[in-house]
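Below is the structure I would like to discuss, written out as C-alpha cells.
By letter and in written order, the chains are A, B, C and D; residue numbering begins at 1 in each of them.
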Amino acid sequence: MLELDHINTFRGPAHILRGVSLTVGDAEAVCLVGRNGAGKTTTIDSIMGLLPVRSGKVAFKGRDITRLPAHERARLGIGYSPEDSGIFPDLTVAENFQISQLMGASRARGASASGAETDERILAVFPEVKEFTGRRGLNLSGGQKKIVAIARAMMLSPAILLLDEPFEGLAPVVVNRFIDAVKKIKGMGISLLIAESNLNTATRVADRLYAIDRGEIIFQGDPKSALGNGEVMKTIRG
Amino acid sequence: MSLLATTQLKKYFGETHAVDGVDFTVTQGEVLALIGSNGAGKTTLVNVISGLLRPDDGTILFQGADVTHQSIHDRIKAGIARSFQLVNLFDQLTCLDNVALSIFSREGKTQRLMTLADGDRAVRDEAMELLQQFGLEAKAGMVASGLSQGERKLLDVAVAYALRPKLLFLDEPTSGVSTREKAPIMDIITAIVRSGKITAVIIEHDMDVVFKYSDRIVVMHQGTILADGTPNEIRTNDQVVMTLLGTHA
Amino acid sequence: MTSVPSFHSATSARRIVAYAVPVAVVLLVIPLVLPPYQTILLSYGLIMAIAALGFNLLLGYTGLLSFGHSAYFGVGAYAAAFLVKYLGIKSMEVFLLGGVVASAIVSALFGLICVRYTRIFFSILALALSQVLWSLALKLFWVTGGTDGLRVPTPTFLGGLVQTSGDKLSFLSNTYYYLVLVMFLLCAGVMWVIVNSPFGKALQAIRDNEIRAEFVGVQVRKYRLIAFLVSGIFTGLAGTLWVPLNGLTTPDILYWPFSGEIVFLTVLGGFRTFSGPIIGAVVFNYLKSYAVGFTVYWQLLLGVVLVVLVLSMPSGIVGTANALWSRLRRSAA
Amino acid sequence: MRIVNLAHGNLYALGAYVAGWILGLFAGPGHEPKMWLFFLLLSGAVAVAVAGAILEPTLLRPLYRRAEEYQLLVTFGLLLILEDLMHLVWGPYPLTSSALPDLLGSSTILGATYPNYNILVIVIGFVAAVGLWAFVYRTKFGVILRATSQNMRVASALGVNVKRVYVQAFTLGCFMAGLGGAVIMPISGAVLGMGVEALILAFVVVVVGGLGSLEGALVGSIIVGAVRTLGITYFAEIELAVLYLIAVVVLLARPAGLFGRA
C-alpha cells in the first residue's frame, strides 16, 4: 500500500529524517512511536507531500509519488488528520466535510464511493458527529476537532489514513473511544499510519510498530516484542 | 483566607458553555492543579481570570478586591501573572532580555526612554540569577527563537515568574515536551515556585504529574467544577475516575 | 553571581564607538574635500536619514508600517515656512523648536487614531491621514501657497553670531552642512539610546508578541502611541531641517509618494538593523539625484527596485552585507 | 485570501484606462454609438483579470510564508509601477468617453435629473455585490476558497490545488476591480491618482462600516458617497478632511466600525 524507501527530509537547515524506510500493508494499522521531536510529524508530512523529500522514494500503491504535490496525493487516496486537527475555524463542520467531499467526488466520479455511503461509514465510526455538523469549527472542543479531522479525511474515501497524534491531549476515557474508532476504520479495509508518542496507547491499536528516534527507525516489529525490547522502552519513555 | 475567588463565572462561545457558573477559589500559598479533559474549560477559565477574555457573567475577587472588569495591566500590577500553553515569547529578543523586560515592567522602568537597558546592573543581575534558577544561564545571549521546546517552556514560565506575582497561572507547562523532559521541568518549576512562596495554579493533563506536584486538585468537566480536593481524595473519587480515567483505569 | 557575562552592553557599545567615530570624522572633513554640490547632496541624505530613523522606530522596532510619514515631514517643513510668512521669524533655532512642537502635536493627534489598529489597517489609516494634510495644503492656497508652495530664506544662527549672509551655496555646503551633521549625530545617538532602553525593549516585545507583552505589564497601545510620537517628531525635525536647504516647501512633500520614498529607503538599507535606514537614506539620495536626471519615470523605477528588493534581498543593504561578512569570516576561520 | 494588496486601487484605475482606451477606439468621433459598445466595458475587467493572473504567481506567491510587511511593501512597489505605467502609456491627461451615458439619456426622479447611466452603474454594483456574496458563501468554490484562506496546508492535504485556488481568487478580485474601474470610467473619466483615491475611499468605507461586515460596507459606502456629494457642493476645499473626520469620529466612538463585531 505505502512504502518509504530511505527518505531524507530537512526542515530549513535541520536534517530531520535520516534514511527512514517503512511500509504499511493493506488494511493494516501501523504505529510510528517516538518522543516529541523524534521525526514522527516530519515523516507524516513527507508522505503527505507537505514537506519536500530531499532524497529517497515514497511509493503509494506501487506508484512513485515522491515529487507529487500534496493535493494530488490526497486525490490518489491518502487521507490526513494533522496534529492540531487543522479544522477550518470559520467553516461549519458540514462545510469542513464538504472540502474533501468535493475533492473525493472529483476523484471518484462514477466510482464506488458516493457521498452518501461515505457519510454512513463516518456515522458508523463517529455517530456523535451528527450533533454538531451545524457548528462552526471555532466552537468545537479539542476532542470534537479531532473527530471532525478524522471524519473529514475519511470523506476522501481514502485507501490509507495518516493520523498525527490522534490521541494527544484527550482524557483517558476519550482515548478509549478513539481506539475503538480506529479499529472500526481498519475493519472497513482502510490502512492506517498513526504517529503516537505513548507506547502503551500504540500497542493497543497497532498491528505493527515502528519506533523512531532522532530521525532514524530504531525498531520494527509487533507490539509485544516492542514492549519486551528494553532499548525501545528506554528511548520512548525516557 | 482565599487569595482568589470567583463566583458564578460564565463565559460562552456561541452554544459552547466553556465556563458555566464556576466558583473557583485559590488559597494563599498552595500549589493547585486544575485538571479536566480537553474542552473542559480550564484554559478559558484562566483566560477570563487573567483578563484575556471578558466574562459574560460573574465576579472575580483577588485579595478581596473586585478585578472582574480590570485591564490586564491592572491585574498584573495587583499580582496575577500567567504563562501560556503554546509558548508565547519575544522571539527576536535574547533570553536575558525576555526576562529583563518583566523585571523592568515590575519596577515601572519600561517607560524610560533615555537609559540603556543593559546599563541597569541590578536588573541584569537579577535576570541572570533567574535564568540560572531555570537552568537557562548558558542561553542568556541567545534569541528566544533559537531555544529547544523544553527550554522555551521554561523561559515562558521564567518570564511570568520574573514579575514576582502573588498568583501564578501555568497553562500546561509541560505540553509538547517529551515524557523524559517532563519531570525535570516540573521539578524546576515547583521548586522555584515553592521557594519563592508564590501561589500557583497549574493546568495539566498528565495525572502522574498532577498527583506528584500539587497540594490540591480542582477537576473541571464541561465548563463546571466536578470535584475539588487533595490528590488522595481525587484519586479515589469515583465520579472523577469515571469521567477522566474511564473504566479501563 | 560573580560571572555576569557582559556580552551585550560592553561589546555593542564598544562596537558602536568603533564604527561611529571614524564615520563621524569622515563626515566632518567632507566639506573640505568634496565640491559644494556633493556636500549639499549629502546633507539631503543625512536629513532623510533622520526621518528614516524615526520611521524605523515604528517599522523595525514596533512592527508598524506607516505609509503616511510624509505628514510629519511636511508639518515640520510647513511649520518653518509659516514662521517665516506670518511672524517674519528667520531664526533656525525657532524653526527647529516650531517644527518639533508642530510635528509633536500632529503626530500625537494622528497617533491616537492610528495606534488603535495594526497591520494594513494601521498602514492605510496613516496614509489616509497624511492625504488629509496634503489636500488641505493644496486647496487652502491662500494659507499655504497651494502648488506654488512657500519660500523659506536662509535662516540665522545663534541670533546672528554665525555669519549667514553672503554666498548661499557656500553657506549651505559649509555652515548648514555642519548644522545638519550635528543634528544627525544627535538624533542617531538619541535614537540608539531609545531602541536600547527598557522602553525600546518593550517596543520590540510588542513587535514580537503583542499579547504576551500585555501580559508582562506593557500597556501596548500607550507604548505604541509614544513610539508614534517619537517617530513623528524625528520625521518632523527632518522636515524642518530640509526646508532651508531646499528653499521652498510644496504640497509634494505631504503627498503619499513621498511617504513611499521614506518606506523605500528604509527597506533599501534594511529595516531589521539600526544603521540600515541611515545607509538606505544616503544611498537612496544619490540614486535619486542621478535617476531623476536620467528618466522621468522615477516612480516606475522606484517600484521595480522595491519589488525586486523585497523578493530577492529583503534584509536590505546592511542586512545582506552583514550576512556576507559573517559568511566570509566563517569561511576564513 | 488574506492577500494584502495596496495596488488594488490602481488595478481599478487600470480597468478604467483600458476601458476608456478601447471605447475611444470604437466610439470616438466618426463612429455611430451602438448598444454593443457596453460590452467593451468588459475589456477593462478582463484586462485587469489577466494582469492579476500574471501578478499573483510572480509577485505575491513567493511572499505568503513571510511577514505581512513584505506583502505590503511589494504591493506598494506595484502601486508605484502601475501609477507610472499608466502615465507612460496613456499620458498625463484624463481619458474620457461620454458615448455610453449619451446613449442612455437621462430621467427625472423626484424633480432632479439623473443620467440613466448612473442608475445602471448602481444596478451593476448591486448585482456584482450580491453575486460575489453568493459566490463566496453559496458555491462549492466558495467553500474551498474560504477553507484555503484559513489553512492552506490542510486544504492542500485534503486535495485542494492551493496554487490554483489562489490564482483564481486573485484573478476574480482583479476582475471585480477592473469592472469597477471600467463602469465608472464613462462618468468620471480615467485619471492619474484615481487608484490611490479609490484605495483610501474603499478603506474608509470598510472602516466606517466595520471590518468583515457586508451590511457595514453597504452603509459605509452610502455615507461616504453622501458626504462626498455634499462636500463637493458646499465645502469643496475641505471635502476630504471632512470625510476623514467622519471616519475618525466613527472610529473613536465605535472602534470596530458601525456594524463590526468588537
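Here is the rule we go by: a residue touches a chain if its C-beta (ideal position, glycine included) is under 8 Å from a C-beta of that chain, and two chains touch if they have at least 3 such contacts.
It should be emphasised that the depicted structure is a prediction, and the values quoted were computed from it without experimental measurement.
Visitor: What are the chains that subunit A and subunit C both touch?
Guide: The shared contacts of subunit A and subunit C, listed by label, come to B, D.
Visitor: Computing the C-alpha centre of each chain, which chain sits at the greatest distance from subunit C?
Guide: Between subunit C and every other chain, the largest centroid distance is to A.
Visitor: State the pair with the higher C-beta contact count; candidates are A-B and C-D.
Guide: Answer to which pair has more contacts is C-D.
Visitor: Round to the nearest whole Å and give the separation of the Cα centres of subunit C and subunit D.
Guide: 33
Visitor: So what's the Cα centroid distance for subunit B and subunit D, whole Å?
Guide: 48
Visitor: Rounded to the nearest whole Å, what is the centre-to-centre distance of subunit B and subunit C, using the mean of the C-alpha atoms as each centre?
Guide: 42
Visitor: So that we know how the chains sit together, what is the shape of their touch graph: line, ring, star, complete or other?
Guide: It is a ring, because the chains touch in a row that closes back on itself.
Visitor: So, with touch as defined above, which chain pairs make the list?
Guide: The list of touching pairs comes to A-B, A-D, B-C, C-D.
Visitor: In their complex, what parts of subunit B are in touch with subunit C?
Guide: The contact residues of subunit B facing subunit C are 50, 52, 72-73, 76-77, 81-82, 84, 88-94, 96-97, 100-102, 104-106, 109-121, 124-125, 128-129, 140-141, 159-160, 163.
Visitor: Under the definition above, what is the set of subunit A residues touching subunit D in their complex?
Guide: Touch residues, subunit A against subunit D: 48-50, 69-71, 74-75, 80, 82, 86, 88-91, 95-96, 98-100, 102-104, 106-107, 152-153, 156.
Visitor: Inside the complex, what are the residues of subunit D that reach subunit C?
Guide: Interface residues on subunit D, with respect to subunit C: 4, 6, 59, 62-63, 66, 68-70, 72-74, 76-85, 87-88, 196, 199-200, 203-204, 207, 211, 236-241, 244, 247-248, 251-252, 255.
Visitor: In the complex of these two chains, what residues of subunit A are touching subunit B?
Guide: Contacts found on subunit A: 35-37, 135-136, 138-144, 169-176, 197, 236-238.
Visitor: Okay, in this complex, where on subunit D does subunit A touch?
Guide: 140, 143-144, 146-147, 150-151, 153-162
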